[in-house]
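Okay, so subunit A shows up in both of these, paired with subunit B first and subunit C after.
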Partner chain A sequence: MVLLICVGTPLLGAFLLPALGHWSEKARRWGSLLMVLTALVCAAIATVDLLHGQADAVRLQLPLGLSMGLRMDALAAFMALTACTVSAVIVVYSFGYMKTYTHLNEYYLMITFFIGAMLGLVMSTSLLQMYIFWEFSSFCCWRLIGFYRDDLSVKRADKAFMVTVLGALAMLVGFTGIYGATGTFDLDALQGSQIPGWSTGLILVGILSKSATFPLHNWLPDAGVAPSPVTSLLHAAVLVKIGVFAYARLFVLTFSIDPVITVIVPVIAAVSALVSAGCAMMATDIKRVVAYSTISQLAFILLGLSSGSRIGFAGGLLYILAHSMAKAGLFLCCGIVEHNLHTKDMTKMGGLARTMPKTAVAFAFCALSVMGIPPFSGYFAKYLVISGEVDAGHPVIAAVFILGAVMTIMYLVRLFAKVFLGPCRNPESREGNGQMVGSVLTLAVLSLLLGLLIFLPSGLITLAMEAM
Partner chain B sequence: MTILSICAHGFIYGPILVVLIYNLFNHEFARKHFFWFAGTGAVWQILAAIGGFTALNQNGQTSYAFGAFWDIRLAGAAFFELNATRFLLLLIVGLVALISVLVAHQTVDFNRSSYTNLLMILVLGMNGMLLVTDLFSLYVFLEVTGLCCFIMIAMFRSRADLEGSFKYLILSELSGIFILTAIAFLMMKTGSLRYADLAGLGQRISAGSGQLEDLLVYAALILLISGFAIKTGVVPFHSWLPDAYQSADTAVSILLSGAVNKVAGVYGLMIVMQLFGDVAPVGPSLAAVGIISIIIGALLAVRQPQYKRVVAYSSVSQMGYILLALSTGTTLGLVAALAHILSHTAFKSTLFTNAAALQEQTGTLELKDLGGLENQMPVTAFTSIIAFLSTAGIPPTAGFWSKILIILALWQAGSPVLAGVALVAGILSSAYLIRLQRTVFFGQTRPELAKVREVRGSVLTAEVLLTVITLGLGLLYPYILLLLHAGGIL
Partner chain C sequence: MLAILILLPVAAGCFLWLARRHYVISQLGGLLFALLNLAAALRLYQGGQFSVILPVTVPGFSLTLRADQVAELFLLFAAAMVPLLLIYSIGFVRDKKWGGLYLLYLCLSIAMVNGALLSDDLGLLLFFWEGLLGTLFGMLLLRNRENPRAAVKALTVSGLADLILMLGIAASVYSAHTTLMSGMQQLPVTGVGALGCAALLMGALGKAGCMPFHAWIPLAAEDAPTPFLAAFPGSLEKILGIYLAARVVTELYAVKPGSAVSVTVMIFGAATILLAGAMALAQTDLKRLLAYSAVSQVGYMVLGLGSGLAVGVAGAVFHLFNHVLYKTGLFMTAGAVEAAAGTTDLRQLGGLRHRLPLTTGSVVIFSLAITGFPGLNGFYSKELVFDAALEVNVIFYLAALLGAVITAIYILKMLHSVFWGQPAAAEINADQRQGAQNQPAAAAVNPAADQLPTARQAKVTGRQGEAWALAIPQLLLALACVGFAVGESPVVDGLIGQAFNLQERFGGFPKSAALVIISCLALALAGADHLYGWRRETAASRATDHLTGLPGLRQLYVAAQRGCFDLYVWLTAGVRAFSRLCQWIENGVTWFYDIGVPRTIMGAGNWLSALDNGSLARYLALAIVGMLAVGLIFILML
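Take a look at the complex of A and B:
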């Protein structure tokens, strides 16, 4: 029941928001926030139940192995809590950021609906259901990237949609391959089963397209034309984690896969990490830098989850949490800068630390977390991921990732220096409004606190590791 | 008289009665009130289909045989028959007729009385095709529907109309000749054209026997499949379809794509599959035509310059999915085909109704003249997005479930490669429809379109009704599957 409320409130409630919006602008905003918070509370209740050893579940039995349902387990709880927390902060941020635009009905509808879809996805008990929610999120992504409705945005939105839908269809072919071999889509029934190699390959295509990993990554930097809260929610914090989540759910926790996958996927991840870090060092558009950095960090997550070692897996999960907070914060800071200066070109910026001190501090905190500097949460995650890969017996790949981590430091320092340090070139710029600055500071503080209180998420992560 | 027999006879007499009564009134009155007459005919058809099916189910029967006014127990008497499949198709005919009337209320201006008369005769023709139990009667009613279609396409008297209609006339007559010849060949072999006598023919013939009669049966099958494939409009028999859809009034395009295609074409192939599915090459040839249609139709749709042409080519592609499902010859395949027929009716009619709305409000369907209309026409934009999702097979719409069923049916029948290709070809559907969205609705409004208003009245009703069906079916499909399971079908 808690799970139904958790998923249903944002998923169905979203459709009330346009009606609320007709009535009052405020009702729509707070309605949206309230739905996300309801989901967060429900997810927290279900997590507490889970930690007390009682896993909530809802099931609908259907013929032909099409059964569906919702189920809370450690991985789902971890993802749900992360997604809801970050989303709640981003919704508050958009109160300030989105004020002046048209199509706000659609904006709040899609954002809230997306969060519902995300929760439905992580709690899915069936492959087909995962696919359904997966496509919901692609749809939201399409509408939201095209939010400004100019030709470029719409083209980029179409591109993102086509790439992710193509990936999803490939994945669905993979799923039907599993169905053909076993006669069911149900994840419980599939527990521990062997799946055909080509199914694994096709599902990987879906995962790589959704998590924007090389060679299916280039829709993500282009998606930066969307409003910053969208980029932050979809293309940094939550949506792109769907792919890596699917990897954890399917290839780590459900199927037994060919060991060669634990080499191939890290190699793909390594290439992705280096290529995108290189791009991030060259780009001059601030949102593109952060987007390329997302691609690069996603490769770290994928490495952790796919390494095959328990430490790596734990690191991957922790990385999802740390990266969601920090990268969402970075995008939101970029949003404040862009909103103020009406440009995304870093060559036209400089010395913003003087006019926007709070934003600069928040940016610095989040950047430190992404770089992996202790005591920020990103450090623990990065350490665990790389040491997990060494544990798995692939020190060369681990070394490549250390190089990737060094490049991360380089491009983030470059970004920070160009935008916030040096002589002030934009004296007319001002700090963003309260809701926006408050949100980024919250995320920055969370990045730090999660590092200091690293034991907090460890209960869930241990539980998830035990399920391996 | 039971409810079942009233409903059953209603399929034959209902349309005839409407035509008779309608023509009693003077021309001006008839022109003014055509909506009520045609609408009654359509609603009656829907009610009869639902009521009849419920009655049949309550009696615990699987089929019900009847004659129009003669005793079916007489030796050699032809008779009509109803079963669940036919009820569903009759319901679809009624639904499409209703939508067409709703749209015609706003788009058809002159020729209203001819429209009403032809619509009712068309419905009668399609009902006849669905009810009969022998191939010759099927042919007769096929010609009735074909005839009504030429006139309805041509009725609105522009040059382009005549071209589309002429193409349809030629190809449709060709298909008539094919089917009639095939019937003659089959008659030579079996001496009877009843479905009951033709079933199991596969065991009685062999290609290697060298007998002329056996070879002629194979020739008959080729002709039958080609004939019905022309009517369906699948590649390589599709060339008439975009022209006919484009040139006809939108109310007529809805009829063509929503009902005529399926009854005159797909249902014919369904009969062929049912009777001759055990002859080895029938299933694979349907599958081949289906997969080629899916891909070629979608590729052609991507570059069309006009709204209705895109939608027309999309029909070609979607018909391919239905044939693919039929080609399996299994129960699941049949269920999947029927499910996709139903979803296709809903989403394709939505797209055509949107075309009617655009034509009425902006006066053009050329894609280069449209853009960013979602602000001006929010309901049309929303319904078109739902139809787009359903066409592309994206959840939670009806099209998603029917496509999944098709894939599962193909897999069950042992053709995983076809299933994979059909699924991935879904990206092509997304491609042409996302282009349609970009050029028509999504984006910035063109200044010359800033004054456009949302369509009102019956067209709006039709859009909303169809979207409710698409979404409602999509959400209720798990329940429908449970019902089918409980009924022992799946």
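Take a look at the complex of A and C:
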């Protein structure tokens, strides 16, 4: 029951928001936040149940080996809690950021609906259901990237939609291959089964396109035309994690795959990490730098999950959490800067630490976490991922990722130094409003606290590792 | 007890930050904390070895703190430095706006150092180790938000070293099947083990400031407050770096004397001594000179440790202790000079012995110690390193000896030009004129020379007289130098020998009289050279000009100016080239998505619609082609 409320509240409740919006602007905002918080509380309750050894589940059996259902396990709990926490902060940020724009009915509808779709996806018990929620999320992504309705936004939105939907269709064909071989879409029934090689390949295409991995990554930097909270929620914190989640769910926890995949995927990830890091070094648009950084860090996550070692898997999961918090914070900080200066070009910025000290501190904290510097949470994740890859017997790939990590430090320091340090070039700039600054500071502090209290998420991660 | 050593500095940092406006309370609080920290370290040292597993679980880590003899020794030494660093820092940052944050960062750094020294788990060690990077970045930014070059460079270069260390840790854990250092004993240096050993050593020596990871230190010397230099490149980072390197060489890996790893490390050590020493010769700024000197001295420790011999390890660790005492002292001296005279430009300084008698007294002892003057602590440790170097190869010995001559030359120049002589405005002008003509390279490696405040301004900004908070720590350090010289045997054989379980005894006067005589001759040569240079140029601050103009060295400075020895320059150049390649690839991918695919689809559409022209014959032909295609697919499927 708690799972149905968890998924149903944002998924169905989202359609009430336009009605609320006609009545009052405030009701729409708070309604949206309330739905996300309800989902968060329900996810927390289900997680507590899980930690006490009682896994919540709902299931509906259909003919032809089809089924539907929701199930809470360690991986789902981990993803749901991460997604809901970050989403709640981003929704609060939206209150301040979005208030001057029109089409807010659609905005809150899509944001809330997306969170519902995400929760439905992580708790899915069948492949087909996963696919449906997957496409829901793509649809939300399409509408939200094109939020400003100008030609460029619409074009970029179409591009993102095309790439991710084509990837998803490839994945669907892969799923049908599995159905053809086993006669079921049910994840429990598929536990430990061998699947055809071509299915694996097609599913990987879907995963890589959703998690913006080279060469299917190109839509993500272009999606920076969307409003910053959208970029933050979809293209840093939550949506892009769907792909890596699917990898963990399908290839680590469900199917038994060919060991060669544990080499091919890390190599793809390594190329993706380096190429995107190089692009981040060259970009001058602040949101593009952060977007390329997202692609690079997603490669680290994928490396951890695909390494085949338990330590790496734990690192990958922890990276999802640490990266969601920190990268969401970075995008939101970029949003404050962009909102204020009306430009995204870092060559026109400088010395903003003087006029926006709180944003600068929040940005620094989040950047340090992404760089993997202790005591921020990113450190543990990065260490475990690298450790896991060496543990899997691939020190060379680990060394390549060390290069990627060095470049991460370099491009983030470059970004921070150009925007916030140096002589003040924008003396007229001012700190963002309370909701925006409060949100970024919350994410920055969470990044720090998660590092200091790293044992808190460890229970869930250990549980997920045991399921391997 | 172990947790206290980590939590206490954090609490102290918060306290000092909150009490930043009250000088006396800060001093008393700082002193109390430092003494408690020292007492805890001492108690631990007396209590013998034990370990604690932290009551939390994190996958991939076995969070274990362990106090064994090596850790306890380094911890005790670091704790002994803390009171001096804190008293000096609190005195220095008095009335400064950034003082509170500075002290907070300093205390957090002390917590990190304590934590790293006490960690048995390598992942936990890296947590504290790399944590220093955050505080380092913060401290370097304090005064330099407008010009953050030192902070950016430090974060990048040290970040690289720390990430290499991360790789080394991962490889060592893989080789040893445990994350605990206590479980790693004499791992073989082959395969993944070789990667682990090399990466651990690179990370450790990078932290200690060995070339080429030193690049940020001279820059920090210009931009950062002096207590930072005393605390970071002067003591804490060296202690930490040499601690881990010593553990790697003596305990974790079986590094045999003369093996590839050993020789490579020694080559880096020798190169560091000579190159950094040569750079120090050309400096005209006191803090930059000391910064290069700090890098150069690390070379001796690296040389000693790299030898893999017991005498080398004893010498390296003893040299570390001595170095921390006198180099921290020298950096503190520079701070006192800056506070008194308002500048650290050697060409403007002079005759400070009258205004700063206590500082002068201490600096003479530090100088004698660093040059390896017989009877002082630096002499004993250098001789031990010489022994080790000679045993491996005479070339290493000669490099170390040449390094000692260079050290003595630049230290004499520093001592003479700051504390003796007269500050002469005419001299500066003459120097600037001549410098522009004769010494373009030397001037170029001294960017600080561009903004010379006049001596008169310096007097106005400088404080009169000697500040006690700045002088007392120097005096104590000078006393410690003498103490380490007098009690050399108990330190080398008692403390170091026992901690590292060395079988032989290395204390007492050096066994080889010939080596001692050669060292004395080297010092005499340096003295004679200084006199020659001083007479020739008629100014102590230019006493090395005849050397820096020598062919070979001149080219070296030009190369240094171009950034040939600067890892940061290499790194940024390499990354920039690579990034350009990536951008090119990305442009290709973007073209594919934005132009290639849409154009192909539109083109195909146009072509197909062009086919549709109402001609019956064409429709018939298309229908036949279609049927043939369907048939072909059927045949293929069958």
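Heads up, the rule we're going with is that the second predicted complex is superposed on the first by the 468 of 468 C-alpha atoms of A that agree within 3 Å, B and C clash if a C-alpha of one lies under 4 Å from a C-alpha of the other, contacts with A are read in each partner's own complex, and residues count from 1 in each chain.
We take it that contacts are C-beta pairs under 8 Å (C-beta built on N, C-alpha and C of every residue); 3 or more make two chains touch, one makes a residue touch a chain.
Model, not experiment: these values are computed from the prediction.
Chemist: Taking subunit A as the common reference for superposition, should the pair subunit B and subunit C be classed as clashing or as fitting?
Modeler: fit
Chemist: Looking at A:L421 after the superposition, I want to know if it touches subunit B, subunit C, both of them or none. Which is it: first, second, both, neither?
Modeler: second
Chemist: In the overlay, answer first, second, both or neither for which of subunit B and subunit C A:P63 touches.
Modeler: The answer is first: A:P63 touches subunit B but not subunit C.
Chemist: Touch check for A:E135: first (subunit B), second (subunit C), both, or neither?
Modeler: Once the two structures are laid over each other on A, A:E135 reaches subunit B alone.
Chemist: After lining up the shared chain so the two structures overlap, which partner does A:V154 touch, if you call subunit B first and subunit C second: first, second, both or neither?
Modeler: A:V154 contacts subunit B only, not subunit C.
Chemist: Looking at A:V173, would you say it contacts subunit B, subunit C, both, or neither? Reply first, second, both or neither.
Modeler: Touch partner of A:V173: subunit B, not subunit C.
Chemist: Determine, for the superposed model, which of the two partners subunit B and subunit C contacts more residues of subunit A.
Modeler: Counting contacted residues of subunit A, the larger count belongs to C.
Chemist: Quick one: classify A:A398 as touching subunit B (first), subunit C (second), both or neither.
Modeler: After superposing on A, A:A398 lies in contact with subunit C but is clear of subunit B.
Chemist: Could you state the shortest Cα distance, in Å, between subunit B and subunit C after the structures are superposed?
Modeler: 5
Chemist: Per the contact definition, I'd like the list of subunit A residues that touch subunit B in the complex.
Modeler: Against subunit B, the touching part of subunit A is residues 60, 62-64, 66, 68, 102, 128, 131-132, 135-136, 138-139, 142, 146, 149-151, 154-155, 157-158, 161-162, 165-166, 169-170, 172-173, 176-177, 179-180.
Chemist: Applying the document's contact rule, which stretches of subunit A touch subunit C when the two form their complex?
Modeler: 159, 163, 214-215, 217-219, 274-279, 281-282, 310-311, 314-315, 351, 353-354, 368, 371-376, 379-380, 382-384, 386-391, 393, 395, 398-399, 402, 405-407, 409-410, 413-414, 417, 421-423, 454-455, 458, 461-462, 465
Chemist: Mind listing the subunit B positions that touch subunit A in their complex?
Modeler: Contacts found on subunit B: 372, 375, 389, 392, 394-396, 400, 404, 407-408, 411, 416, 419-420, 423-424, 426-427, 430-431, 434-435, 438, 442-444, 478, 481-482, 484-485, 490.
Chemist: Which residues, counting only subunit C, touch subunit A once they are in their complex?
Modeler: Touch list, subunit C to subunit A: 56-61, 123, 126-128, 130-131, 133-134, 137, 141, 145-148, 152, 155-156, 159-160, 163-164, 166-167, 169-171, 173-174, 192, 195, 571-572, 575-576, 578-583, 585-586, 589-590, 592-594.
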